[in-house]
Structures are given as structure tokens and as C-alpha cells.
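Sharing a structure here in C-alpha cells format.
Each chain carries a letter (A, B, C and D) given by its place in the written order, and its residues are counted from 1.
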Amino acid sequence: MTEPLLSVENLHTHFETHDRTVHAVNGVSFDIEPGEVVGIVGESGSGKSVTARSIMRLEEPGKIVDGSIRYRGEALTEATDETIRRLRGQDMSMVFQDPMTTLNPVFTVSEQIVESLKVHDNPDHQPLREYLRIPFLHDRTDWAEKRDRVVELMSEVGIPNPEERLDAYPHEFSGGMRQRAMLAIALASEPDLLIADEPTTALDVTIQAQILQILSDLRASRDMSVMLITHDIGVVSEVCDRVIVMYGGQVMETGTTEQILTQPRHPYTQALLDCMPQQTERKEQLATIEGQVPNQLGDIEGCPFASRCAYADAACTSASMPVCDCGDGQEAACCALDRVPDPTREAVGVEGSR
Amino acid sequence: MWKYIVRRIISGLAVLLGVSVLTFSLTFFTPGDPARTILRKQMGGRSPSQAAIERFREANGLNDSIPVQYVNWVTDVMQGDLGASYHSETAVTTLIGQNLMPTVELAVAGLAVALVVAIPTGVISAVHKGGRLDYGSQVLALLGLSMPNFWLGYLLMLVFAVQLGVLPTHGFGTFGHLVLPAVTLGTGMAAVITRLLRSSMLEVLDEEYIQTARSKGLKERIVVYKHTLRNALIPVITIVGLQFGYLLNGAVIIEMVFQRPGLGSLLIDAIFARNYPVVQGLVLIVAVVFVVTNLLVDITYRYVDPRISLGGGGE
Amino acid sequence: MAGNKLNRRTVLKSAAAVGALSIAGCAENTSGNSSGVRIALNTDPTAEVWNTHGGITPYWTNVMEPLVWVNQEMDTEPWLATDWEQTSETTWEFAIREGVSFHNGDKLTADHVVYSFETLLSELAYAPGWLRLEGPESIVALDEYTVEFTTTEPFSVFPGNIAHNMVCIQHPDRNPDENRVIGTGPYQVDEVVVQQEVVTSSFDDYWNDAGQVDELVFEVIEDPNTRSLSLENDEIDIGMSPPRSQIDSLESNDGVEVARQETAGSCYGGFNLYDAPTDDPVLRRALNHAVDQQLIVDTILENVGSPARVPISPTIYWSAHDQVDPYEYDEDTASSLVEESAYGGEMITIVVPNDLVNGRDIAQVLLDDFTSVGVEAEIQMAERAQYSDLVRNGNGHLFLDTSGSNSGAADYVIYDSFHSDGDVNQRRYRNEETGVQNLGGEVDTLIEDGLQATESAVKEEKYVQAQERMKAQAVTLPVYYDEFVAAYQSGLEGVSFSPIPEFTSWTSLEK
Amino acid sequence: MTDEPTVSDRLKSIGDRLRSVGVQARSKLGEARSRLVAAYHSRPVRQFRSNTLNVIGLVIVLTLILTAIFAPMLAPHDPEEQHLRDRLEGPSAEHPLGTDQLGQDVLSRLIFGARVSLKIGVAVVGISLAIGTAVGVTAGYAGGYVDEGLMRLVDVLLAFPGLLLALVIAGILGPSLTNIMIALAIVGWTSYARVVRGSVLSVKEEEYVKASQLMGTGRLRIVGRHVLPNVMGPVVVLATLDMATVILSTAGLSFLGLGAQPPTPEWGTMISEGRYYLRSAWWVVNFPGLAIMFAVLGFNLLGDGLRDVLDPREEESVQNKGL
């Protein structure tokens, strides 16, 4: 078996607040293979974003307290700042959720793309006077030469008339356009792994579709892996090869997109799928999961979903959660899996259920 | 943009009108006759005769009622004439012209000192939030903010001019003469800017685009000094602009401590001598400087923060 | 957009350029210490009030000279006039010195004198009243070296009155706009730096003994503290009136000498004679007994000056200082006099102008002394402008101030303060027939007689009598006679001052 | 046996009554204590306590207030008592901070000076607050031309270096603490007016205020019930920081000779008068300098701390009208 591109093992990321500790990520493990699109789904607060940021080592003010993250075998949790910077500049890129806040408002979009190109060229040589454009002291001839590349990137992500927009500021862009610009920034460093943290959440539906389309195209043309964080199962079904379902800072279930969507084993996954509008008849009320997302304060014992789980018993709140192999690579972390109805068997026939 | 500037100028004129009415009406309540005071000063401390006083009052229009004097004054000001000092026929504009540069020099130097100190301190303080450096610079900033500057001036003078003898105690002209006053003036302002920049930096460091910058693989130095500082400076510029006007407050006292010529000394002398044309002219000029600085600050925004359009609202 | 960017860059660049320029401009201005003598005054020698004199002060600088000089004894002495004579009650003839050169080479004639006086009269509103000269006929050149003055009223002290720094002779080519100053003095103006300094150099064709130091620079340092600091810092050679507190340390400093000179000035409190409770002479005497002048001189004044008995400095020959017995400091006498008086616990307001040197401290000592003999008092510091009003309106009970003469005619020192029609008392005297510090009656007559007297002995007799009457009624509370102090680098020789320090001649100065 | 209660009965009933009073008092005391303890552990107080600087600020300000209140007990000497023969003496057991040029005890003058500074601070802040609130409420409620006019007036005053204006006003009115107060209040009320007006405007839009308006509640009551409590936080913070500014400005104006009439002990005047003795008697100038610095520091720290707790919206409202 080839080495995975990214391998996360037992990751714990904590946040210290005034008087308590928030266990945002609480023992997450998964792998991403080269060229694979992995979707991470879960409700808000389930630790998806923190996991993504931990991988980029942007977890501050949180802290990785345990576990390991390996990129092509290199341990990111122990890596030096230089290594991390080189990786960010050349191997991994990230696209954030809200395009309205992820672009620096005081620099032109092209400036921000060129920066990315510059870092990619030479991550270890970043002279301040050149980046700051200090009058008389900077030499930016090669920055100007990069303009063609910027235009190329901009058109690649679907920004129309890129030549005319070279001097535009982010506020002169619409939301969708900004997300494309953000994508261009991320692609400028020619990453092997693109982490997209809910890249379409803040956009309206038609734009969402366009962005997703661009993502799929890019993945195909550049042969890069994508880690797509979303709470939208619809998005997952469209672009992902594999899905990781997270809840309460832990991985609940993993499997191929098809497995997760058609035969979810974990009660949380099932509940999540039930809430999707597509599953609901018109006029019928949208299903919701009863209860509150746990606040993840202090040490967590047992299954974080236990309090909301229809199949939970007393043991679920204290026992450790076993990861059960459900066949064909599908895994679910549940201590009462035997009590949970199995859609695969249900599909086969009523007699299959107990 | 032009529309905006015109609007600002009109409201600026209203401010000037208000300030001038305010200062002018103060002369209503004033004890002390300018004629006697000024003549006494001219005569080296001798009391002038009643006839001389009458002549003086007549010559300077002091026998008119205050509103009449005000209208006359405004009419003259419209024609660019701020009147003449009671002391002699020297035009107030000339006097102000003579005293403007020393004060501007002091203010600019003070501002430079403040920025040179405050920008690195504020940045370091924010970057090391909660650490010893942060704590130290916050305490220093608070001390700078709380120290009466005349006391600071004397302390600096005592140390650098008297004990060490490296700088002149007083006077005006050379670079050396500027150092102590500028440091004295700059200290309080440095404290203000440091505090403001720190909190502004902290706010910006929380912004998502800083994560974007980091995610590109930019060095922390560039993240801080390019992406963070540039944004954090925007609110600082407002305050610096406003403070530049307030620097005149400090200049009054510092000019007195260090014996520098300037608008401050001129104003104090004029107030005590009841030299009303000079007081009114100065107050007006200061208000003009203030209004203009504010306008310039607003326009500078356009260059620093591309989101703000002077046409109004922005997006 | 592109346009904007260009602008932004231009703005930044020009800002940088301006910054560089201004620093360069600062550096060029460096003025080092030359071979000359730097003298720090406490007033600006280039202040705009001096425009009449070509833009620099006629005081201190020796650039321009008057017709009549005042000597060490406060007596008049021929100067640019060699002689003068009263030709009628209101006319005076002055003989102008021959062979005197102006700094531009022209020879002094009577026409220059006429020009100088007329300039003064036309440019200074108060000059006609002060000099008692009005109208074009009042100054006439009788011949090339004789000038006739016609005063508006009999004015016996005319020669002394014009023995004043401001009444100096200047050349018609003087120009205040270009700071061109042309006089006849031992030093001529080389350069005027407005609000900072006047550079003068010795004038070779001076008619009298020429100055020995090549260059004298008069600069302004208003703050006395700074003045003495810069003396010790070797930035200046002579500093006028150092803070008293530092005279001791200056005197003990090897490199610094201190010159002292009694002046015509004195500091006293004048009582409001017309309002209760100070309308009671017994209380006024009591308060006189309550104050220990010697202690004030020893402590607050740091031994500069001497305890006063009368309001007129003994440097003025008609002072009654030697003729009167002082009210000795004695708290017991003071307390019993307070008991004896009509005083009923009212608050006495001591009014002090805030530019009075040490006035604040002296007032506090007076207040403390009054309190210890059972008299309630408060202090009201007022700016000079406000003070003038308070005195003239009689708002207050004791008005603390200094008085002195800076001309050869010190008569106004007594007339303005103590004659009913004098400046201080006139307003209330005319409006309410009262006044402030004027006893009126016999004292008025004595002062008038003294003023009109041409013979020194007669003048002295009348004024002394007036002072004795005033002392008996305790019209004033004399505090101290002033002393002028200047500190200078010990390398200098021949530093001496006149009782009118501004009349000081620098020709004897050597470095 | 008579119906008369015996002496012992009486004593007993008195005893009972006393005991019940005692019990009541004790329970009241206990209640107060537990309330205090609860307050001490409440979130805002905890938050305030968590920053040492805040606590230092509170301690300085409390010290200042207590010093001012108990000045006559604390001061070792009468602050106005002169001993000319013992003038300018250095710190000693008798005069811990030395004596000034009149032989007055510097420590005692500093202690009484705290009164003067606080008095001016409270007066100026009080007047500014009153005017500012009145103007702010009027402008906010009236809207239209009234609002426009008042706010332009505020702009005029804000558009001008406050201290310079105060200097002109105080200079022209003549030296006295009252005139300083007037001058500082004239230029000081504007920031309050702005804050209050802003709050009025936002509260006016609140549903519950609209509702109570519909129900016919008077405007003044609405202001009292809804606006003022809402604006308390920012105003308290503003007032605390303003105390610092006023103390500093007063010292500055006093330094220029516009300050207290002698022999009132006032810190700025002490520096101004003592500057001639800077070299021979450093204590005369430097102790008042330190006193001003600590007082200003105390109010600044306290203001910062209060802002963290009371006014989280406004991160930094830099107010440095000071010199």
C-alpha cells in the first residue's frame, strides 16, 4: 500500500478559555490519499474547522496537545516554522469559509495572488522591504513579471476579464468572485493538498454550484487531493470520493461517499441524513436532531452523541467508543452499533432486521 | 469626492465661525483693560496716562460694542486681514507667520518621536500579548500617558542638559535644540499611539485574512508588518490626525519650559497682555489648522483604506 | 485606479523629501559660540513693541542713546546733549553734542533729534502724554546743534523724564521691516534673529570710549531657571536676574561670578485707605508691626535686596529711608494694636499680580504673619491686566507690587501712587472723591510742590515730608528694596550695572 | 402578686429584645457579607480582578480618595503652616518629603493637594456629565434641527484643541480654581453628550421602548428607565478616564500660573512654584510630579479595567486632551 498523502492520528486540539479547557478536537484519525477528495461533514462546532486548521498548523489560539499529523511522512506537529512555511507555500493550501473576510481589504487582489506566487518560488527568502514596497528600497521587477501568471490563475478559477481586474481591491469583487480569488491564491502555490473549509457556505446556490464545479475541474486537471469541509451532504455527494463524519470533536463514521449516503451505520450519520431537505416530503416539517451540540468543556467520557442518541444507554456515556469495521473500508465509532438499524440489511428485507 | 470635500469645507467654516464667536464673546467677561495693560508693557512697567489710554482705545476701536467689533473683525478676516497687534502695527498674520514654523517643527518632530517609539512598541506588545514585553510596554505607555509633560521636560533638562551636558537647555534653531522638546512632546503621544495600535493590532490579528496570509506560507514578520500593521494603522491615523491638533496643547507648555518661540508662547503672551487681535487670530488659525488636518486625515484614508470612498458610505 | 496609485506614491515621496529638507534646514542653522559675549535677557529684544526703534529693544543693548544719561547716583548727566536750560515755564533748550557719528556714518544734528522725538510721538500713542510734548511745534531745531522743546504744561522734571532708554536718538533711515537699526551707541546691530537674538559689534567711530569686546549677542531666555542652567552650561556669558534660589550656588561656582546692584525699585503693599477694615490707621500700623522684613529678605529673597522702611528706594536721593523710624517687627505690639483697632474679624484681601517676582511667596508670608496677630487674610493672585483694574477700583485691601523708575525722573513713583490725582487713585478719586492709597490734603500739596521744585534740596524736603506723613499713617507696608543681580562667567571683567539696570553700559566689559 | 412585671422579667425582656436585635443584626451582617462575597465572585468582578493592573488602579484611586477624606488626620503638619527658617529642607523624620520654599511640609501639602485635585476632578466631571447628559438626551430625543444644531455645537467644541480653549478661557477669566473648573467643563461635556445621544438613539428604536411609548409612558420616565441604565457603563468608564484627563489638565493650567490661589496646596502649582528649586531641592518638584503621575495613572488603570467589564463594545476610546 502506498503512503497516504496526509495521515492524521489521534489528534487532540484544545482551547484554553478563562477558566476551562475546550476539547475542540478530541482524538481524530484519518488518512487522505493522493488525488482523493475527502469530505468532512458535521454540524457547526463538531471540530471540522479546527481539524483543518490544525493540519495547516493555524490552530492558534488552540493547542495541539496530542496525536500526530504527517504529510508525506513528515510530522507536522514537530516541524519547525520554516518547514511549515515551506509546506504552506508549496504543498498545502487552504480556502476559508467566508470570502468577505478572508481577503486583506487594503491590498489589491492581484497583489495577494502574487505574494502567494512569490512564496511558492522561494519560501525562505521574504525580504520585508520588497513585500512592504518601501519607497526607493524595493525592487519588484519580478513581481511585475508575475502578472501574466496572475491573469492565468484568475481565468483558471473563472474570474472574467482578469486583465481588467488586476488593480481591483477585494471590496470591488462580489462574494463569489472573492471566493474565486481566494482559490486563485490557494492554487498559486500549486498545492498537492487543498483544504477547503466550507468554501460555499456563504454563497448563494448558483455560485455554490459554480465554485464546486471549478473545484472538481481543478482536482482533475491538477491531480491534487482536496479536503472539503462542509455541513452540506449535497455538496459531499457531488464532489467527494470519501466522507468523514465528525461530531463533538471526534470521527463518528468514515466511508466512501456512496456508503455514507446510502448505508450510514452510525446513528449520528443517520440522524444527519434524516435532516436533509431532500429526504423530507413537502409540507412535512424538516426533521431535526433533538438536543444540543455538546459544549466540549472539560474531559469527555464516552460517546459525545450519547445524550441525543435514540439508541444510547447508560454505558454509552461512560464506556470508550470502539471503532467498528462495517466492511469495505466503512468504519463507525459506536458502542451500541448492534442496536442501531443497519440500512444495508433493511434494504435487503424486513426479515433481516431484528 | 469633490462634493464630499466641499461639504467638509462648509462644515469646517461653520466650526470656525463657532470658535470665533466663542473666543470673541469671551472678551465680554474679561477683567482688565487691554489698553492699560499693553501701554504699561510698552513703557517698561510705567503706568500710562488716562489720555494715552483713551487715544489707544480710540485708535484700536476698543470703544465700539463687542458685536460691532466682531462684525468689523469678521469683515476684515474675510479679506484676509486678521488685524494688527495692539502692541504695534504688526499684522497678526505676520506674527503668526513668524511663530508658525517653530511650532510646526516641534509638532512634526514630536510626532516623529511618537511614531518611532509607538509603532514598534505597539506591534511588539500586540504580537507578544500577555507576555512580559507586552506587560512592560503597557505599563510604560501608561506612565507616559500619566506623566505631566512639564515635569518630564524639567527632568529631561536636568539629566541631559545639566548633568550630562549633551544637549542645550533651551532655545531654538539647531537639531540639538529640538531633541528634548520633541521627546517631551512625543512621549505622551507615543503612549496614546502605542495603546491604540496595540488594541488595533490585536483586533486585526483576529481577522480571517491574517490566517489567509499565514496559510500562504508568509513569514510572520511579513504577516505582522504588511498584512496586520497596514490595517491596524487605519484607526491610528484618525487619532494621529486629531492628536496633531492636540499637539498644540502640549506645545504651549513645552515652549514655555524650553523657551522656544512659537504659537504657544505667542498665545500665552497675548492672553496675558490682553492683545485680543492676536488671541483671536491665533485661535482662528489653530481652528483652521485643526479643520484642515481633519480633512487631510479623511483624504489620507482614501489612500490607506481602499474600502472608504469619499463619496460617502462606501459599499 | 492607476491614477490613484501614482498619486499615493507621489505623496509618499514628497513627504519623504520634505522631511529630508527640513532636517537639512535645521542642521544649517547651527550657531556656535563666537569670540563675543552672549548676554541673556529675560525679555525678547526683538519683540514687536520695539518697531519704533527699528525692531530691537532700546533697553540693554547700547545701540541707541538718549540725550540725557542717568548715572550711578540716579542723577542726570549730559550725553548726546551737552547742556540744557529751561528757557521759560514750558520751554527747554538742548545743546546737541557735536562730532557724534551714526552707525551709517552720518553726523548727528538737531534734525535727527527732531525726527526721533516726532517718530516717538506719532508711533506711540502714550508718548505725548508721557513726555508732555504735543503737536509739530513742540520740537523745533533752532540751529544745527540746538533743539527747543515746548511742553504742554510746566514740567520741571523734563530732562530727567527724557533720560530714558526709549527716548533715544535714531537715524531716519532706520527700518523696522528690515530690522535696520541705526543709532549712535558703542555697539551697532549686525544681525537680528526675530524672537531669538540681536548680534551687535563694537562701533569704531563711537564718540566716547568704545567697547572693548568685539561682539555682543543679546538673546532672550524668559525662564529664569533655564537662564541660569544655560549659564552653567556655558551657553551664555551673562544671565540677567537668575532665580534667587540659585544665586548661592552660582556664587559658590568657581566659573561663575555674581554682580549685584541696588536699584530704584522697591516692593511694598499699598493699603486701601478708604474701605474697612484697612481704613483704620491703627490696624495698618498693627499689620506693619506684624511683618518681619529682614526674615523675608533672608529667606525668600535669598539675601537679594534689603528690608524696606518706606516705599521709595534709597537709591533715589529724596527717599526718606534714613529719616523715618521703621515699624519694628514685634508680634506683641502688633497683636495689642489689633485689639485696640476697630478690626472685627473681617477678611483682608491681599492682591498680588502674578508677574511679581516672588510675589506669591511674599504674599503667603504676609498672610501667615497677619494670621498670627489675629487678622484673617486671603490672597488673590491676578494677572497684570486684572490687577490694574483691581487696584484702581479699590477691590482688595492690600495691593502688593513693585515700583521703580527707569528714567532719570523718579517723581512719578510717588505721584502716581500716592497723589489723589495719580494714576492709581485717580479713578476712585474722581468718581467717588475717595481713592486708594492717597491720604490727600497736605500730602497732595507736598507731592505737587516736590514735583514742581527744580532744586534738588527743595524737592527732597517736600518729598521727605510727604513720606513721613504717609509713614505715620501707615499708608504702605514696605517690604524690600530691590537689588539687581546678574551672573556671568568669571572670565569677564568690568561687569557693572546701573541703578536702572537697563541703562548699563557695556563699554567697560572685557573678556 | 401584682400584674406589675418584675425587674427580672423586665431585664429578661430587654435581654430578649437585645438578643433578637443582635441576631437580626448578625443575620443582616451575614447577609451583607455573603452578598459581598457573592459579588466578589461574580463574573464581572472576577474579570476585573483577573488583571493585576486593574486592581492596582483601584487601589491607587481608593488610596487617593481616602487620603483626601482623611487628610487632616493623615497629614503630619498643617499644610499652610510656614517655617521660613526651615525652608527647603530635605526629607527627614520630621518632614518625610522635605519642606518647600516657605518651610511648609511637602507631604502634608501633597495630602491636602489630593483633596483639591479630586474636588476639581469631581466637579468638572460632574458638570460635564450633567451638561452632556442633558444635551445628549435632548438631542437624541428631539432629533431634527435641534439634534443637528446641538451636534454641530458639539462638533465645534470637539473640533478644537480643548486645552487650548480652556487656556484661553481660564487665561481671560483670571487665575483661580473656579475658573479652571469652568474652562474645563466648557470643553469637557461634549464626549458625554455624544455617548448619551447615541444610546438614546439606539434605545429609541428598541421594541420595548416603542411599546412603553405607545402605552403613554412619559419621555422622561423612558429616559430614566431605559436610556440611563443602558448608558451607565460607557459613561462611568468615560468619567473615570476623564478624571485622569482633568487632573492632568488642571496641573497644566496651574503650571501656566492659572491655578489655585495661594496658600491652597495644589500639585501643579507646587511644581510650577518649585521649579526654581529643581536643582537645590529636588523634592519640591519631584514629589508633586509623582503625585500627579500616580493619580492620573490610577484613574487611567481603573478606567481601563472598568471598560473591560462595563463597556466591551468600545475597545479603545482614546481621550487624551491632556498635555
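Keep in mind that, in the parts below, contacts are C-beta pairs under 8 Å (C-beta built on N, C-alpha and C of every residue); 3 or more make two chains touch, one makes a residue touch a chain.
Worth saying up front: this structure is predicted, and the values here are computed from it rather than measured.
Measuring from the average of all protein CA coordinates, the nearest chain centre is that of B.
On a Cα centroid basis, the chain most remote from subunit B in this structure is A. Looking at which of B-C and C-D shares more C-beta pairs in contact, the answer is the pair B-C.
Between the Cα centres of subunit A and subunit D there is a gap of 53 Å.
One inter-chain figure worth recording: subunit A and subunit C are separated by 87 Å, centre to centre, where each centre is the mean of the chain's CA atoms.
One inter-chain figure worth recording: subunit B and subunit C are separated by 35 Å, centre to centre, where each centre is the mean of the chain's CA atoms. Centroid to centroid, with C-alpha atoms defining each point, subunit C and subunit D lie 46 Å apart. Residues of subunit B in contact with at least two other chains: 30-32, 162, 256, 272. Shown for subunit D are the residues in touch with two or more other chains, namely 171, 174, 275, 278-279. Residue positions 382-383, 386 of subunit C each touch two or more of the other chains. Subunit B meets subunit A in the complex at residues 207-209, 211-222, 225-227, 230-231, 234, 304-307, 314-315. Of all the residues in subunit C, the ones that touch subunit B in their complex are 4, 7-8, 11, 22-23, 26-27, 29-31, 47-49, 51-52, 59, 123-130, 165-166, 194-196, 219-223, 226, 229-230, 232-233, 235, 355, 382-390, 404, 406, 412, 416, 423-424, 426, 502. Contact residues on subunit D toward subunit B in their complex (touch as defined above): 53, 152-153, 155-156, 159-165, 167-169, 171-174, 244, 248, 251-252, 255-256, 268, 271-272, 275, 278-279, 285-286, 289, 292-294, 296-297, 300-301, 315-316, 318, 320-323.
On subunit D, the positions that touch subunit C within their shared complex are 80-82, 84-85, 87-88, 101-103, 171, 174-175, 257, 261-263, 273, 275-281.
For subunit C in complex with subunit D, the residues that touch the partner chain are 224-225, 243-246, 248-249, 295-296, 299-300, 354, 360-361, 363-365, 367-368, 378-383, 386.
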